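Listed below are the structures to be examined.
Both of the next two complexes hold subunit A, though its partner changes from subunit B to subunit C.
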Partner chain A sequence: MANDREVLREIWEGKVPVCFQLDSEEVCELQAPAPYYLMVPRLSYFPLCVDKVRKHFTRHIQKDKQDNEMWLEFNGAPLKWHLPIGVLLDLHAIDIQLPWNITVHFDKFPENAIMHCQNKEVVESYFLACIKESDVLKHRGQVVSSMQKKDHNQLWLGLLNDKFDQFWAINRRLMESSNDDGFKYIPFRCYLSEEKYIQKLVKPVNEEGQRKKLGHLLSEVFPDQEKVVVRTHGITPLPETPLQWLSEHLSYPDNFLHLCLINWSPEVTSK
Partner chain B sequence: MDGIGTVTWETFIKDAQALLKVSEKIHDDWELVGDKGAPGMAYLSRQVKTYVPCEYPIDEPPTGTDKDYWAKNLDARLAKDPFEAASKDERPLITLHHVLWSMSYSVPVLYFNGWKSDFAGCNPVSAEVAQKLISNNNLCYSELSQAIHPILGTPFLQLHPCGSQDLLRHVWKSNNKLVSWLSVAAPAALQLKLHEDYYKLTIADESREPEVMYEAY
Partner chain C sequence: MADNEEDSLPAVEVPENEDQAGDAPSESDAPQSLEPISSDTNLGPSDQSQTVANKDLAKIDVYLKATGNAPIMKRKKWTVSQDQHIGWIAEFIKKYLKLDPNERLFLYINQTFAPAPDQTVKNLYDCYGIDGKLVIHYCKSHAWG
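Moving on, here comes the complex of A and B:
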C-alpha cells in the first residue's frame, strides 16, 4: 500500500506555470489579446484546466470560429491532451523555459494528430478506461469491478477538483496488493516521444521472489542498452528505486507510471 | 491476463496467419503489418473504398448555422430537373480497420477509421456517428470512442477491449478465436463485413458442423 503520504502529497501538488497565447493568425483585431497565465497541476489534463483560457480568447477571434473546439500547440506541434500535463512537460523538458509558452488555436483542428475533446466527459471516460486497464494489470481488474459507480465518480471528481483526500480515499484500494509479491504486473508506459511508447508485462518480483528495482524494469524494456535514464514528475528516479514502491507512489492518477526516456540511443530499438 | 476469455500473442499471430491465407485466396486485402517478434507490435490491416447510398447516416448532426442553410435550400434541393441525367445517389466511404492485440487485456482490439471522401485522411467519420450506426445491435459494445493507436500514435476509433473477454468466453471452442471474435465485433466497427469463407477456420474438422454458430455478415 502507498504509505509515504508526504511523497503522495508532494507529487499531487506539483504545478507548472503556463503562458497561453492566441495564435497570431487567428487574432481578428488590430491588437493581439494579452497572454493568459495559469498555474496548472502536473497530474491533471489540459482540457480540465483551460476553461478560463477559452473564455479569455474567444472574444478576440472571428465570430464563426467562437464555438470551435480549442486546441493547444507547442513548438509547432499539437499537444496531445490525453497525456497528463506533467508527462507532456517531461517529454518536452529540453525545449521548455518556464513559464511554458503554449499557443492557443480555434481553427484548423488537427484531426490526424489529436483526439477530439468537446467536453470534460470525454476526458472522464478516457481517464476511467486507463484506471480500468491499470487494474487489469495489477489485480486482473478485480478491484475496479468491485467498485461502485460512486467510487468511480469520486476518483474522477477528486482529480477534476484537485481534492487529494477525496481521490486517495478511493485510490488507496487500487494501490493495495493481496500478497507480499505486490501487483501482478506494474502498469507503466515508457515514452520515446509524444507519439511512441513501449509497454511490457513486468512483474514487481523476479523468479526468486526478490523485489525488483527500476533498473530491472528498464533493462527488461531495453535489453540492448546500458544506463537508460528516465524522467517522471520532473525528476530522474534512481535505478535502485524499488519498483513496487515507485508504482504505488509515483504513478499518475490513471494508475500508470509514465516514464520519459531522456538518455538512450534511438538506433537500437527494444525487443 | 490469462485464462478463458483471453488470447495469447502466439495464438493471435497463429490465428491472424490463418486468416491471411484465406484472405489471399478470396482477395479481400487483409495484411499483417509490423513486427511479429515483439508482442503487441504487429496488427492485421485492411483498407477498402466502398460506395454507400447518399442517405446512409454518416453525416455529422447539423449545427445551428447548417440548419438554417438547409431550411432555406430544401425546396431547391427537392425540385428535380426532369432533363437532368439520373445520378447513382452514392458517395464514397473509405474504411480502415486494424486488429491489434492488447497486452494488458490479452485480447484482440479493433481500431478503425472511416472517411467520407475519395481520400483517406479527409473528412473523417466521428465517434458519435459511428456509435449511431450500431444503435440497433445487441452487443455489449457501448464503449466505442476515439483512442490513440498504440503503434501509430494517431487518433482512431476503438471498440474498448474490456468487452472482448466476455465475447471470447463464448467462443472458447472455436479453432480460430480471432475470427470468431472478429465476426461478432466487426459489424459494430463501421459495419465491417467478414467474408463467410472465414467461418471455416473456426471449426477444427471441416466435416463437423460448428458448435457455436454466428451469423455470417
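Moving on, here comes the complex of A and C:
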C-alpha cells in the first residue's frame, strides 16, 4: 500500500511549461499568431490539456482545416499522445530546453506514426485499458474486476480534472497487495526510444523471498548490461530503490512504471 | 491506410505443415473453424517451420480467436515477427476478413484488456504467452471492459 503521501503528491504536482506554436506553413495570415504558453501536468496526456491551444490557433488557419484533428510535433517528429506527457519529456529530455517548444498542426495527419484521437473518450478507454493490464500483472486482474463502473469513472475523472484525492481514493486499492511479497508482477515499460519499449514479467521478490531493488529489474531487462540508468518523472532513481515501493509511488496514473533508458553501452543497440 | 494489402501479407507466415493451406476458404471448411483451437495445436511449437532456426527465433506463434459477433478466421495459427505491432495485427485481421477499413476491431489479451496498438508481439508474449503461444481475441465491439 502506498504510504508516503508526500511523494505521491510531489509526483502528482509535477508540471512542465510548454510553448505551443502553429506550424508556419499552416498560417493563413500575413502574421503568425502569438505562441500559446501552458503549464501541463506531467502525469496527464496532451489531448486532455490542449483545448485552449486548439481554440487559440484554429482561427489562424484555413477555414476548411479548422475541424481537423490537431496533432503535435517536436524536433521534426509527431508526439505520441497516448504516452503520458512526463514520459515524452523524459524521452526527449536531452533535446528539450524549457519552455518546451512544440509545433501545432491541423494538416497532414501522420497516419502511420500516431493513433487518431478525435476526443477524450479515446484517451479514457486507452487509459482504462492500461489500468486493467497493470492489474492483471499485479493482482491477476481481480481488483479492477471487483470495482464498479463508478470507480473506473472516478479514476478517470481524477486524472482528467487533476484531482489528487479523488484519484487516490480509488487508486489506493490498486496499490494494495494481499501479502508481504507485494504485487505478483511489477507493471513497467522500459523505453529505448519513443518507438520501442520493453515489457516483461518481473516479480518484486527473488526466489528466496527477498525484496528486489530497481537494479535487479534493470539487470533482468538488460541482462548483458552493467550500468543501466533510467529516468522517470525527471529524476534518475538509484538502483538501490526498493522495487515494490517504486511501483507503489512512482507509477503513472495508468499504474505502470515508465522508465526511459538514458545510459547503456552501444553494443546492445545493434540487437 | 489499407492500400498496400499485398505488400504486407507475406510478413505473416503460415506453418508449412498446416492442413488446408489453401488461401481461398471454401464453405465446407467453415464448420471446422468453429473449433476454437484446431487440431494442429497437437503439433506443438516445434513444427517444420522451426527448421530455419534463425528466421524462427524472431517469430512468435499467435492464435487469433473470434469473439462476440466477429467473423471467424479459417486459419487461427500464425507466426508473426516478434517486433510486429498489435495495431498491425488488427489491420491484418481486417484485411483477411475483408472488413471495411473504417470498421473498428478490438483486440484483447487474456480476455481482459485491450493492448496498446504500438505494443509489440514480443512484449505481450513475454508477459501473457501460454504454452509457447500468444492468444489474441478479436471482436467488432467492446467485449471486455
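We adopt the following convention: the second predicted complex is superposed on the first by the 266 of 271 C-alpha atoms of A that agree within 3 Å, B and C clash if a C-alpha of one lies under 4 Å from a C-alpha of the other, contacts with A are read in each partner's own complex, and residues count from 1 in each chain.
The rule we apply is simple: a residue touches a chain if its C-beta (ideal position, glycine included) is under 8 Å from a C-beta of that chain, and two chains touch if they have at least 3 such contacts.
The model shown is predicted, which means the values in this text are computed figures rather than measured ones.
On the superposed subunit A, the positions of subunit B and subunit C overlap enough to count as a clash. Contacts of A:R59 after superposition: neither subunit B nor subunit C is touched. When the two complexes are overlaid on their common chain A, residue A:K227 makes contact with neither subunit B nor subunit C.
Of the two partner chains, neither subunit B nor subunit C is touched by A:K108. More subunit A residues lie in contact with B than with the other chain of the pair subunit B and subunit C.
In the superposition on chain A, A:H116 makes contact with subunit B only, not with subunit C. When the two structures are aligned on the shared chain, A:K132 is found in touch with subunit B and with subunit C. Shared-chain residue A:L201: touches subunit B and subunit C both. Counting contacts as defined above, subunit A residues 80, 82, 111, 115, 125-126, 129, 132-133, 136-137, 141, 195-197, 199-201 meet subunit B in one complex and subunit C in the other. Contacts from subunit B toward subunit A in the complex involve residues 1, 37-40, 63, 65, 103-105, 121, 124, 126-127, 143, 145-148, 150, 152-155, 160, 162.
For subunit A in complex with subunit C, the touching residues are 80, 82, 111, 115, 125-126, 128-130, 132-133, 136-137, 141, 185, 195-201. The part of subunit C that touches subunit A in the complex is made up of residues 1, 87, 109-110, 112-120, 123, 126-128, 145.
By the touch criterion given at the top, residues 64, 67, 80, 82, 111-116, 122, 125-126, 129, 132-134, 136-137, 140-141, 187, 193-197, 199-201, 270-271 of subunit A touch subunit B in their complex.
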